[in-house]
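Shown below is the structure under consideration.
Labels run A, B, C, D, E and F following the written order; every chain starts at residue 1.
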Amino acid sequence: MNTNILIENAVMELSSDKDHSVFFTSKRNDSPMPDIEQLRMVVELLNKIIFPGYFGESTINPKNLRYYIGVYIDSLKTILEEQIKRGLCFNCSNENKLINYTQIADEKTLAFINCLPEIKRLLRTDIEATFLGDPASKSHGEIIYCYPGIRALTNYRIAHELVKLEIPLIPRIISEMAHSATGIDINPGAQIGEYFAIDHGTGVVIGETCIIGKNVKIYQGVTLGAKSFPLDEQGNPIKGVDRHPIVEDGVVIYSGATILGRVTIGKNSMIGGNVWLTHSVPPDSKILQKKPRENVFFDGGGI
Amino acid sequence: MNTNILIENAVMELSSDKDHSVFFTSKRNDSPMPDIEQLRMVVELLNKIIFPGYFGESTINPKNLRYYIGVYIDSLKTILEEQIKRGLCFNCSNENKLINYTQIADEKTLAFINCLPEIKRLLRTDIEATFLGDPASKSHGEIIYCYPGIRALTNYRIAHELVKLEIPLIPRIISEMAHSATGIDINPGAQIGEYFAIDHGTGVVIGETCIIGKNVKIYQGVTLGAKSFPLDEQGNPIKGVDRHPIVEDGVVIYSGATILGRVTIGKNSMIGGNVWLTHSVPPDSKILQKKPRENVFFDGGGI
Amino acid sequence: MNTNILIENAVMELSSDKDHSVFFTSKRNDSPMPDIEQLRMVVELLNKIIFPGYFGESTINPKNLRYYIGVYIDSLKTILEEQIKRGLCFNCSNENKLINYTQIADEKTLAFINCLPEIKRLLRTDIEATFLGDPASKSHGEIIYCYPGIRALTNYRIAHELVKLEIPLIPRIISEMAHSATGIDINPGAQIGEYFAIDHGTGVVIGETCIIGKNVKIYQGVTLGAKSFPLDEQGNPIKGVDRHPIVEDGVVIYSGATILGRVTIGKNSMIGGNVWLTHSVPPDSKILQKKPRENVFFDGGGI
Amino acid sequence: MNTNILIENAVMELSSDKDHSVFFTSKRNDSPMPDIEQLRMVVELLNKIIFPGYFGESTINPKNLRYYIGVYIDSLKTILEEQIKRGLCFNCSNENKLINYTQIADEKTLAFINCLPEIKRLLRTDIEATFLGDPASKSHGEIIYCYPGIRALTNYRIAHELVKLEIPLIPRIISEMAHSATGIDINPGAQIGEYFAIDHGTGVVIGETCIIGKNVKIYQGVTLGAKSFPLDEQGNPIKGVDRHPIVEDGVVIYSGATILGRVTIGKNSMIGGNVWLTHSVPPDSKILQKKPRENVFFDGGGI
Amino acid sequence: MNTNILIENAVMELSSDKDHSVFFTSKRNDSPMPDIEQLRMVVELLNKIIFPGYFGESTINPKNLRYYIGVYIDSLKTILEEQIKRGLCFNCSNENKLINYTQIADEKTLAFINCLPEIKRLLRTDIEATFLGDPASKSHGEIIYCYPGIRALTNYRIAHELVKLEIPLIPRIISEMAHSATGIDINPGAQIGEYFAIDHGTGVVIGETCIIGKNVKIYQGVTLGAKSFPLDEQGNPIKGVDRHPIVEDGVVIYSGATILGRVTIGKNSMIGGNVWLTHSVPPDSKILQKKPRENVFFDGGGI
Amino acid sequence: MNTNILIENAVMELSSDKDHSVFFTSKRNDSPMPDIEQLRMVVELLNKIIFPGYFGESTINPKNLRYYIGVYIDSLKTILEEQIKRGLCFNCSNENKLINYTQIADEKTLAFINCLPEIKRLLRTDIEATFLGDPASKSHGEIIYCYPGIRALTNYRIAHELVKLEIPLIPRIISEMAHSATGIDINPGAQIGEYFAIDHGTGVVIGETCIIGKNVKIYQGVTLGAKSFPLDEQGNPIKGVDRHPIVEDGVVIYSGATILGRVTIGKNSMIGGNVWLTHSVPPDSKILQKKPRENVFFDGGGI
């Protein structure tokens, strides 16, 4: 077939009517998608605000700090408000055209700014917990500047406040940024107490309805997931059902453990690595995988 | 030792003859390496073509869609063709100088463009499967825009078509992009049916000779790998031997399960998390890890 | 509350005195933080120096190689020296103001450049081991250009030399870059012999005091971690205690295995996937997870 | 004086109340300034639309041209409309808040797009005139691609249409872009007929109320300016009075000539270089500077 | 000749010893050249400081202005200080190694910041004069935002303060930036009174020892230059001799006039366009070019 | 009219057949236009090669100079060769398809590289002449780094070599870059001897067939142009006729002088400012404008 005709056909098929209903809802034409680069800048600004001296300009000092914080928050206000508005419009339907999304976005952005000191306080507890839990860490500064666990928790604690403000889509994008960079996937709906530490972290999954207490520590590859979920009459999953674990204060979960369902891991329990656990355990439990078979025949030699 | 002499020596040693045979084959001088930034742009263009309204310009609408698709495909044609040519030259030897790689690259690029509507159709089944399998997802749009599973599958389905067109190296680079961004490592040679869903995904590995049916769902940390592989007389691994699992329709595999070798997981089976499985199982199997030891002595307290 | 007042309050609280002691130590004001973008460029330069023809300019050939290596090393000298100086200052206290960090950074940078040929030699053994261990790899070139295992090992071998030169913070940042891009987290303090191969790699964790022999191969999700660590009288972890495994020559460890504590995995052993192992095993051991339970009742249907 | 105090004082003085009335009118807070980078992109898009094959993508050909033109015009619509709106707001007062600037900007942008074919036709006459008037030009293509005269006329003919649509500020910015790049300063209000040629062009000034016929040619350093202008009772210049020359068809003006006031240069006249002319001349005039003094005493030797 | 040999020869010749004395003085190796991009940023910052609401962030308003000014001045301090230090080192000789250029640069930068309110005041008089002198200008805002005369004067008034602080090279670079962008070449050593206006401006030259009074207005192409200058015994020009015109208050000079030598143009004089003037004229003079020859024979028809 | 229809119409008209013959010659589809950004990089590279220590990396010193020159020339070879090839194709017709433009471009690029030492030698004479002719210049370094005259001459001397190698279009683009940045328009075909100085320079025009001797100095606004040119039978200008002035050794031409036609300005002559000269003058001439009229009536007060 002739090149021009082949390309012409591909263009026609890929822009044909049959796809329009899926990719172009009426609202989509009125409001652009949230802008991921702008949201990346939001997270950078928040790092500058929360950890000045680490992520802000190198000349920041106690004398000029308020100028910088003033400018960072002013930028945050402008950029985040626009993205919140886009997030609100992402799910809106045409009937809602009378709603003043600009004003709602303005109010939610201010409410979020109001929470920043509390977010900062929580992250400082997480840094402290990480420092106390890792003999390899050399200083608080190193943890703030390099540790993926703190990076993921920063995005989580930001995104969780946005969830509480009932902002759609934006929290998810922010948590996926951390997931992509760190391999740590915390659903922004999860509730996590202070002094939380994640070490190494790659492969961690924390589900939407998890409730995690204080002083909890988890390692790479830990899953706190759902075992199953109910479907509605059309076979669609019912949203919002509690289906993820409750992890009480002081629990430690070793690498690769999988804990599924609305089970409770009692206070100060220790869950060993590579365990598959689908039931609740009482406080102070110690759970380990069955001992392995040793010196068995195995013909493997590579994957 | 004097600074200038030390540096001079390092330069001499690092540019000495003994490395030339490894790093400079004759072909390398004639054709540049594939350009990773250009391939990143190829993937961006394909996202714009497949998911207009999400990744394309914010002003795209049904009226002007064909202009944009026309331009995106024209750009794709130019950029991808050059990279395919470089990929073809990457493995070529000097004897092949008479081959007209430009013309072959042109033909393969057109053949790939011809497959785009089918790639789009398959991805829409994957989106549907993901939506039905995740109570946390709010809309199809959220899945397209944020879910790492769809991102990895988009790159896989693109790369797999390129493998079928016998284009070297380029598919691997495209799948590594997704691996780096999502932690999901799907070899582009694997065969995967429609309505495939990967949730969370970090740590998933799907090997080169896997065959996966329809309506399969897997979670983070699942390995579908090889147990071993035969070596030739020089001790080099023999390429192309079937060595990875066959997963039949409707199977669900929970997080962290490891399935190795040319085994078959029968239809509608369910494989529990953290399981190590190196043999076939019949349809409708349910396989779980041995129950853990509870309340045993363990002197751990951190990693 | 009025918008301006709310923002004014947030600025005041976020720039108040009470945070200054944490975020602004006196030293911080005198020397800027290490610059992550500059360190990214350091790693790029090192890839160009070690793998010319792959990552350097496309026109590099044996004739002009020495010009390019000369310029790359000259750039490296300038950029790395500045970052090493910043790393040295990161942990310095005010009493140390008399130390000439510029001169120390100059000396350490030269010492590092002196090690480059050895780093290159080691990486070539790793490439060879990866090629022999992966039937899916098509050529050495593909491994250099695309494989995450080699990317992580390049950063590790660079960072490890910097650790040996007692440079703080910088090695950690360089290893975190690879961790973020590949999901492979190798502490730069670990000691790893030649011909080391990591396949797929997502979720691998190798702790600070690990000692790994020659010809070792590990797969994705393997943890070589600590089981516990001693605390000092204030409850802080004691730094530098040997607490991670010793893995002898020729060992293979399958995906998802977790090995914790100062245990020894004897020569040529094979550790199966998803195993949890906290004791030493003799040479030539084969360790597998207990066989799973098959066809048990399980009410799961998704996570 | 102490550094911090000095800086603090400068900040206070430079942000003090007394400047607010000048730099912050109430409208300024509601609508951002026109964005010069966006307007630069508008001009680039217009060059791509008007001269495809020269400034558009290198793959444009008659087969795919309509896709590209479609996308360029769609982008133009979005970007220019926003800038037109900002231009309209630049001069607006608070009483005008009820005016729907978004809708006006939309209408004016469409009206401008409607004029594009005529702008293109006029520029093609200018290219033809330039080609015929310059023995150094090698092809029409060279003139389109390199000649500052055409660059300045492109911006002028765009800006002039915007003036006719009564859009403030934006035309001025567009003509200043050309002025900065070429040294040719054409006020967008001037009226210029077809087949106009400017050679070299640096230092050319064409005033706001000039009327220039067809087939006129001018050289570098020519001024078509005002001799004087009336003031109102407050001593401010009265806007909009005709005060610049009328240049009839077929006139040639050599380099450095200065023609001031509402005078008429009759058809087919030739004005010599470096002439100062403040009165009208009839058709077919030839005007030259008085002959110089030769071999006079002069003690100069440098500037 | 063989390609490699030809290139090798060119490299050898272009890096041979004979050029080293010219291009590498010993000081050059110790301090880098001033960075033109950084100086461009200095000028941008100064525009933001002097004209907030025009060149600053679009969200600046009277409430948050002091935050922004604080940050801009903090950035200015850091960037300009480094460039001033480089400028000081540019001309330094090796004997001066004991001089603490860092401290001198710090002091001069603070002294410059101290002058900013006065620079701002002077520029506001220039804006006022431009507005009153140009019927085509629509508002003060348009003049600040678009007029090349103000752009050139902003750079001049900045550079002139730096000259007064005896900083080498940097003022020249800043005035050349304006020259390149506007065609207006004001030597930063010139002394220019308040309410100065330059219209259009391309080709204006104002020499180093010019003294210009208040309320002076000049047009494009005006030269205020030297007629000659004395040489020393080696034939080198003697630096610093007064050799450019003195232009008294209220003078207007039309386009293209050339005034050379240490002559005085008396108060309120008017100098017509294209005049060549090398002697002083008393106050209230009106000087015009000799009337042109009309209807003479001329065989020209193009340049 | 409906928006979509209006835009559709504009797209149709702007992409209609009638324009194709002008904007799309068959050759255009086969070879892209020269890339102005790449040519900008060529000029930057040449500045680094010719003036190392000024425009090259800040760490260049006599020890590492040859590495940098080697890399710069290698880059130059690659980039310039591609652009020369595009230049050659710009004017080629379809019959010339058999010509191997790649090989011709390779040869011409090497011939150009061979000329670099001579270009460098000539520019050093121009720098010397500028230094001796300007009392305001502080050092040779300042002239290299800041003076627009040297910038324009660098581009001219590069472009002139390319003209001698019969490369189309590229020289013109390079000289227009300097024209845009400096206001100095030197046709690359002009022949200019050593020790040439241009002061200030805005508005200088030097025509294609000018011949300028040694030790010539010209000021801003000087035109060395054509008075007229012969037309062929179709009314097109005949290319390549000698039509611009010959300026002999030692001549000085003051600002704003216009010299037109194939006239000869004899050795060591001095041409005063603002003169219009269309005939030859003997050696040692001094030519001045007629004295102005003083204290005449003039009713001007602004332009």
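Throughout what follows, a contact is a pair of C-beta atoms (placed from the backbone, for glycine too) under 8 Å apart; a residue touches a chain by one contact, two chains touch by 3 or more.
None of the values given here were measured: they were computed from a predicted structure.
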### Each chain counted as touching chain C and chain E at once
A, F
### Same or different residue numbers at the chain E/chain F copy interface, by half rule
different
#### Entry: Chain whose Cα centroid lies at the greatest distance from that of chain F
A
### Reference chain B; chain at largest CA-centroid distance
E
### Task
Have a look at E-F, A-E or B-D and name the one that copies the D-F interface, over half of its contact pairs being the same.
E-F
### Query
If you tally the C-beta contacts, which comes out ahead, C-F or D-E?
D-E
### Summary
CA centroids of chain B and chain E: separation to the nearest Å works out as 58
### Task
Using mean C-alpha positions as chain centres, tell me how far chain A is from chain D in Å, no decimals.
52
### Query
Distance-wise, how many Å sit between the C-alpha centres of chain B and chain C, to the nearest whole number?
24
### Query
Considering chain B alone, which of its residues make contact with at least two other chains?
7, 11, 64, 66-70, 74, 77, 133-134, 183, 200, 202-203, 207, 219, 221, 223, 225-226, 229, 237, 254-256, 260, 272, 274-275, 288-291, 300-303
### chain E-touching residues of chain D, taken from the complex the two chains share
3, 6-7, 10-15, 17, 19-20, 22-24, 28-29, 32-34, 90-91, 133-135, 168-169, 172-173, 176, 179-180, 183, 185, 187, 189, 199-200, 202-203, 205, 207-208, 217, 219, 221, 223, 225-226, 229, 235-241, 243, 252, 254-258, 260, 270, 272, 274-277, 281, 285-291, 299-303
### Summary
The residues of chain E that touch chain D in their complex are 49-54, 58, 60-62, 65-66, 68-70, 73-74, 77, 106, 110, 113-114, 116-117, 120, 124, 132-136, 138-142, 145-148, 181-183, 200, 202-203, 207, 219-221, 223, 225-229, 237, 254-256, 260-261, 272-275, 278, 288-298, 300-303
### Query
Which residues of chain B touch chain D in the complex?
57, 59, 64, 66-71, 74-75, 77-78
